[in-house]
Amino acid sequence: MITLLTMLGIPFFFGLFLCCNRNITNRKTLLSIVSLGFVATAVVTVFSWTSLLEQEITVFWLTQNLPLMFHLDRIGLLFSILALVVFLCAGFFSFSYMEHEKKERRYYGFYFLVLAILQGLCFAGNMVTYYLFFELLTLSSLPLVMQENTKEAIMAGLKYLFYSLCGAYFCLFGFYILFQNESTISFLWGGNLLADSIVAHPVLLQVAATCMIFGFSVKAGMFPMHGWLPTAHPVAPAPASAALSAVIVKAGVLGIIRVIYYQFGAFFLQGTKVQTLFLSLSLITVFMGSLLAYGEPVLKKRLAYSTVSQVSYILFGLFLLQGTAFTGSMLHVLGHGFMKASLFLCAGAIIHLTGKTRVEEFTGLGKEMPILLWCFTISSLGLIGIPPTGGFLSKWYLAIGALDSEIPFFSYVGPVVLLLSALLTAGYLLPITVKGFLPGAEFDTEKITKKEPNLWMLLPVLILTVLSVLMGILPNGLLGFLGSVFR
Amino acid sequence: MDIIRNFPAIAILLCLFAGIFSSGLKEKAAGLVNSCLIVIEIGLNLATLLYTISLGDSFVYVMGKFPAPWGNELRVGVLEALLALFFCVIMFLSMWGGKHKLKDEVDPEKTFLYYVLLDLLLSSLLALIYTNDLFTAYVFVEINTISACGLIMIRQNGRTIEAAVRYMIMSLLGSGLLLLGICMLYDMTGHLLMSNIHEAILTIVAEGQYTIPLLIMIALISVGLAIKSALFPFHAWLPDAYGYSTVSAAAILSSLVSKGYIFLLIKIMYRVVGIDIFRNSHITDILFLFGLMGMIFGSLSAIRENDVRRMIAFSSVAQIGYIYMGFGMGTEAGMVASIFHILSHAATKSLLFIAAIGLTEVSDGKRQFIYLTGSGYRNKMSGVTFTVGSLAMVGVPLFSGFISKLLFSQAAILNHGKMLPAMIVLAISTILNAIYFMKTVIRIYTPVPNSPYPPMDLREHWRYATALFLFIVLNVVLGVFSDPIVRLISNGLAMLG
Amino acid sequence: MGANLLANYGEAVAMILFAIGFGNLLIQKNLIKKIIGLNIMDSAVYLFLAEKGYVNGRIAPIVVDGVQSVEAYINPVPSGLVLTGIVVSVSVTALMLSLTIRLYMRYHTLNLDEISTQLRKEGL
């Protein structure tokens, strides 16, 4: 109990402290406080991973049958690791990225709050707790989107808020129905629907499942509720977009996992119209996201569209309700998290150093900052799915899972769409590398000066890139871990 | 401890006397009397509540020496005491929250009248809650109307007088219908005491007499009280009345006055007519329908509104819709949800009104949204409180609104016929709620570079800040420790029947 | 049905009056006419109550020549109710009239809709 509260409390305290304390005007003081916060959070979180795994902790009872309960299981652990790593990397990246930005204090304050809430989300042990942190996540990440305070940023923030709240209420609506028909609201693998209710109101429960999955899919940016994502992610400062795109969308993914596998149970949805509906929606999103990214000239927007597409890979794997595909999805959760964060940070570094935002301006960039562009390239390759990166592995498992699932139509259309989308991904990411390293004959190489970003920026990018490659090279431990999740 | 049996009667009489006494006092003294009065009332009602809980049943207090069929009685149960206590607390906080604005809003010469009206309002509310006699209820309904009308128009400008006239007209229509209903009831049963009427009605129904008059009577009373509590199609007077009166008055009117009538309706449903007969009359279905319409149209009007106080007022229309929807389900669960929503709405709405005044104050007194931009930074406490209130209205867990929505939806699921409309409207209304409240919260937290308006010094307004803080605490308590309260409510309902 | 109506003509008249009063209070634009409607409505209720309380051929329960049997007196409670009701309605009427005077002094009209229009023009 105490470990848990400290784990949530430390980043929360730092967040509140930074938000409320007006006296910190010196940048050095601010940064040292922030670093202290990061280190403390990391230590406590790592400690609580080891000491709290598979423990149920009820903090208090909201009403008689609604406890606020935390329970770190293996899925939660996976997401928690992802959140911590990406947040630390993007956080240290911000040290030099935010140098010339206004309102740094506010930025770091909310950054810590979001981190605390994300950890709460990963540790949540039942639906109410999850919903509580899900709502809080929306509200606390809003200031990050609106950080720039331009009209565009505020409108994007509003759009984000409305989409997310609508989604959250769909969840709540479904949950109200579910609540009456399940034995307990805790997350249990295989679901905890009452046997009588499955017989008595199957349609009603399917409606509830649709509502809940649909609600969480808003956060994950699935068609038709993806509209907020390409608007909201690029307007945030680059490290914040990295966190948003790599981690916060995954809150929706985790929600869907909880709903499908831990509340309704995979067997209940197997072969229903709900499964068909969401399989088709996710495939549409995979293809459409790539297509939109292909046509988008602004790099950060292109990456945001790519998130739309890539997260739906994960969702597709989840909706297949099949072990191998589930493993693929989980691998992609991690892989996409690391790669997308790295790509966004690269984009941020480029914007920070050159002020260029559009893809066609990046010609010859490889001569100016070779290491950064190499990281960008490796992460791109991972996102496309070329071995030996982690992206290859996850897509491989997804495709195998789809073929094994023997769902008519989707088992063979799915892999085809995934392949097509991978080609499109190559089409929208690789030209940046190619143009960057091989600017062409007419490009004046004389004027180029080395502008490699400093270590604060480079190191997080490197770490993320290396992690994504390591996943592909040494996957055995991870695969064993994931195999123990899907029973 | 039997002395506590006298407390409800003492509470009512004390308010009346304080009102009369204050009318001879100066502004300051009257305010002091009023504050002391409410504190004493809180103590009295708390004692009553504890006594009824320990008693485990309701008790009857005979006013004067006349025994049951002729005399006048108070009847006190857990639910009544709980509501009375809660109303006193809300009144106290609203009073203190709006006190510093009073000198701008009301002519100093007439401020003592304001306190007189508040005292009378409190007495009538308590009487409405405790009384066991229908005609007494009618008289106090009128006293309530008159003092509420006075509270609306004590801030003298054209708008408030017009609003007061409109309020009076609607209220009088409502009380006319109520009075006629009571007369018909008397005609049929020959009694005015609720318990005796109930016995008589049971025999009437058992013998199958007077079916049509009974139906008409139920309809008259329900419609009359619905008009008075601003149920959806009868809400035209509400935004002006709440939007332009003094801030404390707005908070008290929206959170307490309409709730007093609603509670009277609950008592008539349970104790006079009997819930089964009431449900079989299908008036509940009509209330349900109007409730649903109110939930949607109230929220839609609130979205269109450009004035923060009128927006909050329109949101009241929607919330009263929720309460009537709970009645309309005609089940115990629905009723518990409604009563919990009475509490939660009272706590939240008064909080919003009081917080909104702090925001307008740092925006040069202007209430349009465009001037409120960034006011959350100029008045931190109000900004935070308004955000908490909005979250509670939207239904985020840990705050009161979540619990009432949860209770409503559980009640809806238990009622198969009305589940689907109730759930769908609940969802739509929640989203609409979220739209206009979140819009406001974002607006007040959108920074403006060089604001022309000075920030508020909270140390100077410590009373205001404390009131806001206590409101937040109240909301969180309702949201977090809802279980014992819900249990009290269901116990109280069982005692009512 | 018809016979009942004829026998209880007092109640029937009261109901008609109530409807007239209610309609006036609701529909009339002129404030004074509204108040008159209010009074008609209230009086109708009192008529109804008084009719209910009175029994043909009995006397008021005032003891003059010693107490007679219960059958001899009418029910006094409705009369008491009427008295209370009158007090309430008088105070309400007074309040309404004073409000009307206020409005008239400000806007020089008794028409509620016109007052609303003027208020909107004031932009308050």
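Chains: A, B and C, in written order; residue numbering restarts at 1 for each.
One rule holds in what follows: a residue touches a chain if its C-beta (ideal position, glycine included) is under 8 Å from a C-beta of that chain, and two chains touch if they have at least 3 such contacts.
From a predicted model like this one, the values you see are computed outputs, not experimental measurements.
Counting contacting C-beta pairs between every two chains, the top pair is B-C. Chain centres defined as mean CA positions place B nearest to the mean of all protein CA atoms. Taking the mean of the C-alpha atoms as each chain's centre, subunit A and subunit C sit 69 Å apart.
Mean C-alpha position of subunit B lies 28 Å from that of subunit C.
Each chain gets one centre point, the mean of its Cα atoms, and the points for subunit A and subunit B are 45 Å apart. Residue positions of subunit C in touch with at least two other chains are not found. Within the complex, the subunit B residues that touch subunit C are 135, 138-139, 142, 145-146, 149, 153, 157-159, 161-162, 164-166, 168-169, 172-173, 176-177, 179-180, 183, 186-187, 192, 244. Put simply, subunit A touches subunit B in their complex at residues 60-64, 66, 128, 131-132, 135-136, 139, 142, 149, 154, 157-158, 161-162, 165-166, 169-170, 172-173, 176-177, 179-180. For subunit C in complex with subunit B, the touching residues are 18, 21-22, 25-26, 31, 34, 38, 41-42, 45, 48-49, 52, 77-78, 81, 84-85, 88, 91-92, 95-96, 99-100, 102-103, 106-107, 112, 115-116, 118-119, 122, 124.
Subunit B meets subunit A in the complex at residues 391, 394-398, 403, 405-406, 409-410, 412-414, 423, 426-427, 430-431, 434-435, 438-439, 442, 446-447, 479-480, 482-483, 486.
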